[in-house]
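Lettered A, B, C and D in written order, each chain numbered from 1.
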Amino acid sequence: MAEHEALHASHVLEYPYSRSVGPVIGAFLTGLREGRLTGVRGAGGSVIVPPTEYDPTTGEDTGELVEVGPGGVVETWAWVEQPLPKQPLDHPFAWALIRLDGADTALLHVVDAGDPGSIATGDRVTVRFRPEADRVGSMADIEAFVPEGSA
Amino acid sequence: MAERCAVIGVGQTHHKAKRDDVSIAGMVREAAKAALADAELTWSDIDAVVVGKAPDMFEGNMMPELYLAPALGAVGKPMLRVHTAGSVGGSTALVAAHLVKSGIHKRVLTVAYEKQSDSDAMWALSVPQPFAAPLLAGAGGYFAPHIRAYMRRSGAPDHIGRMVAVKDRLNAIHNPYAHLHLPDIDMKTVEESMMLWDPLRYLEACPSSDGAAAMVLAAEDSLSGGYPPAWIHGAAMRSEPTMFAGRDQVNPQAGRDCSADVYAQAGITDPRAQLDVAEVYVPFSWYEPMWLENLGFCDLGDGWKLTEAGATAFDGDIPWNPSGGVLSSNPIGASGMLRFLEAAMQVRGQAGEHQVDGAGLALGQAYGGGSQFFAMWVVGADKP
Amino acid sequence: MADDSTIEGRGPVTTLATPIRLDFDFTPGIAQSVFLRGLARGRFMGQRCPKCGKVYVPSRGSCPTDGVPTTEDVELANVGTVTTYCVVNVPFAGQSIEIPYICAQVLLDGANLSFMGLIQEIPTDEIRMGMRVEAVWVDEADLTPSLASVKYFRPSGEPDADYESYKEYL
Amino acid sequence: MSPAGRTVRPVSIASFAQMQNVRRDDEHNEVEMLMPVVAEVFGTIGITKDDVDFICSGSTDYLIGGPFSFVMALDAVGVWPPRAESHVEMDGAWALYEAWTLLQEGEVDAALVYSFGRSSLGDLREILTLQLDPYYLAPLWPDTVSLAALQARALIDSGKSSEAEFAAIAARSRKDALANPKAQVAGDRSVDELLRDEYVVSPLRRHALPPITDGAAAVVLAAGDKARQWSDKPVWITGFDHRMETHSLGARDLTSSPSTAKAAEVAGVHDGPVDVAEIHAPYAHQEVIVREALGLDDSVRINPSGGPLAANPMMSAGLIRIGEAAERIRSGQAGRAVAHATSGPCLQQNLVCVLEGA
């Protein structure tokens, strides 16, 4: 009975959110724009990357900013054969948790490794920034990480 | 069987149109750290965390308790996220209170916030959906017809709304955290402000704010802090359907039932006489006389007479919203908790320049949606 | 959020633009679809609660007080009563009508719940509670399953309704 | 006893109902979806909405893409006269926890808990991205499957599990689901066959992922006289706790679940033998992690309902674990059961509920 069938329509939920970032995230994003990677020292002395106003485990205030990277180690990774439309790369890539040199926590980003045989846990990778003119102060200022030696 | 529970720490941010100096976590921590400092506690002293806020679309951050867990020292602890529309700040505090009253936890941190400048409040409250009516009225347009219905029923004169607008803004001058500080406001400036949703003028409506509120609730054997505890004497919530035949939106049954419940728990038979101060969710000026009646401070139809006689003024016999209320600060998700928190500050004697002398028993009230969700508590200086 | 100044001239990053777009399929459900299909025919369709007998327009599929399905379709009149109203004098995003205009709760004859409608063809200072109004529909070719099919309500010319007759529907 | 030295008030799962789990319910809005479930949860024990003192629900606005979706859903119950009512923007398992805390206070004896969610309306992988840190993570749009795959890889690298074990878990789950009429995905496929499935995000193959499910569920909780009136064989909640982990994946050991272990300890999982566990592990490898954290040995029957690999209605899948575990006890198949619920990326938040027969 057509009268008692449900109608359908497409619905778009869209908003251009604009977020104030505060001093700590702001320092990291400013660093990215300048081609640097920044961490912050936690209460116990460990270096947290990306930096937050708080220690990710205890919630205590964090302290001084420190420079980290540009290289690091892949702690774990996942291979994406078919990237979703909004993801950073439009060709196959790996998501990875990367512990940057000098850091005690790992950062999530993509590794542009070419094929799944070219990445493994424990591999060293290094950052590939976008061209300076294209950097705006966001995570996307890092185009990708790449296997060390291939940059 | 229920344990006694008290507020032992309060904290809030400076509320502003745009807190562009902090991240969401930074803003929320500002209130939470202040509450911990007030209770003379650290993160590790807290057993559980209860977070509340209005729709996630304000910040575009779904179920944000996940992101906020480390920022609120909740790692390794139970954490809950409450959402009951505009009453959420109040119901969040009540959920936290139950965690203590049930004996499950000794000290609970509860936090409510909204960073509505990340998007636009008007958009986030009424995201257009397919098949819906064209957007006709906007936020105040939902409430203005009910205000008109109240005026018709009670015969209240036009100037009552303006009186509330002036009173709450002048109270806010004495509250350093309030968003609006309008020392020059008077009946004339309100009357000359733009008519938005006739009969509601610009200065009779709440602002849109960023802000957060936090409290530490504790069991009787776990008190701390420099100020005396604010004991919870009664706690209640009530909901009724959003739309139904014969629904009274001017004087909702859920509000009447909720106040009857909370008064019964607190042993209150005459709220105007027995309570010393009330912090009540008044986002549009006319909701003061409406809620005076709904909360039983007077007979039906007489709410406006209390306002007109100055009974609810700071120096009146039952001050309403000495903090300046929602008309002066409105971070939506936190607005209800601010009412509960300000009630606690009054009975702890820590309200500074807006302290009501000798306040011993206070009401905090929050409502939400289309006046179908209510949350209330009564807090007192004396142990119940 | 990228600005035109040189890298050296830029201050620290203070804001981050994060546009979010999600696409959904939306369905209003069976009961509301009855109402919407009615609109596409220039008719107001409601549903009656089998328990309390109240007529809801639109129905979301349940009686909000009894919590049971509303199953009986009911066609309602094209005329109703303004139970209360406000005059909108504020511009806001998404608004398509010239301010000031009247926004009223309209109780259709035969319904037990009012809904919000636009009132036109009357000066804003002449609207009053109890005024009788009728729906004006868009041209037949433009009718769709949406409240946009109702152009607005206008005074029907009937005498005002007695306050007692609608005071429970404010 | 809780850590506070408190005696737990016995509260029973008096009734449980769930919708037929489906890939997509094309017809109904939330109210229409919930009404039959609420009617059933009351009807099976012969009570009405007037018999409960408190109502608590769990849902999220982001599945429908509009604010306040829980508001109208309440019309499925009919809260008139007005009722004490609350809502968590969390899985219904946490709504049940909130209701349970109120019953612990001893002032009310019965509560309705319900949850609902239509995962099919949008792109769930994208929607769940909005749960992530809005500054560092969400702007890159890492999807929920990719994050789970990072965890699965770490688990394989640690030597604790393998792709073959993931496939074995999926095979067992879908085979068990053949006996569950409410399940969405059921079948009997061999591990070898499953290991020929394509990768969605390596190392997760298609079978290791949960289905996308529209669903709803409801529970009636009862204490005191009502618990005994409403059931000859009450199923009691004897322990209940939930714990959070940090949001920062790079600061966690993804191969373990200390929050589950802590919740299990507080809930008293180890105070007696466990016959059945209903584990809310949406991805096959997560069952390995949760099982270890719960300290369950090989004798424990895991997910006889088929678990979330057979039906994973967002916001209800956790509540359903509690309901399913209770049904095992009620039917006599188990004497003591554990139910687990999770929320957030890579098992960030975990809840443990211990259930026992009379």
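To be clear about the criterion, contacts are C-beta pairs under 8 Å (C-beta built on N, C-alpha and C of every residue); 3 or more make two chains touch, one makes a residue touch a chain.
What you are looking at is a predicted structure, and each value in this text was computed from that prediction instead of being measured.
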item: Maximum inter-chain contact count - chain pair; value: B-D
item: Far-end chain from chain B, centres as C-alpha averages; value: A
item: Distance between the centres, which are taken as Cα means, of chain D and chain B, whole angstrom; value: 33
item: Geometric centre distance via CA averages, chain B-chain A, whole Å; value: 38
item: Chain centre separation (chain A, chain C; CA means) in Å; value: 45
item: Where chain D touches two or more other chains at once, by residue number; value: 26-29, 62, 65-66, 72, 75, 78-80, 126-127, 130, 134-135, 138-139, 246-248
item: Per-residue overlap in chain B, given as positions that touch at least 2 other chains; value: 20, 23-24, 57, 59-60, 70, 74-75, 120, 123-124, 127, 129-131, 241-242, 244
item: Multi-chain contact residues (two or more partners), chain C; value: 14-16, 18, 20, 22-30, 32, 36, 63-65, 145
item: Pairwise touch network: line, ring, star, complete, or other; value: complete
item: Contacting residues of chain D [partner chain B, same complex]; value: 2, 4, 6, 9, 55, 60-62, 65-68, 70-72, 74-75, 78-90, 94, 97-98, 101-102, 104-107, 127-128, 130-135, 138, 241-248, 258-259, 262, 343-345, 348-349
item: Touching residues on chain A, where the partner in the complex is chain D; value: 5-6, 8, 11, 13, 17, 19, 21, 25, 29, 48-50, 52, 56-57, 75-81, 84, 86-88, 95-97, 99, 105-110, 116, 121, 138-140
item: Residues on chain C engaged by chain B in the complex (per definition of touch); value: 14-15, 18, 20, 26, 28, 32, 36, 52, 54-56, 63-65, 83-90, 92-97, 100, 103-105, 112-113, 115-118, 124, 129, 145-148, 168-170
item: Chain B-facing residues of chain A, complex; value: 7, 9-11, 13, 15, 17-25, 52-60
item: Residues on chain B engaged by chain A in the complex (per definition of touch); value: 18-26, 29, 43-44, 57, 59-60, 70-75, 117-120, 123-124, 127, 129-131
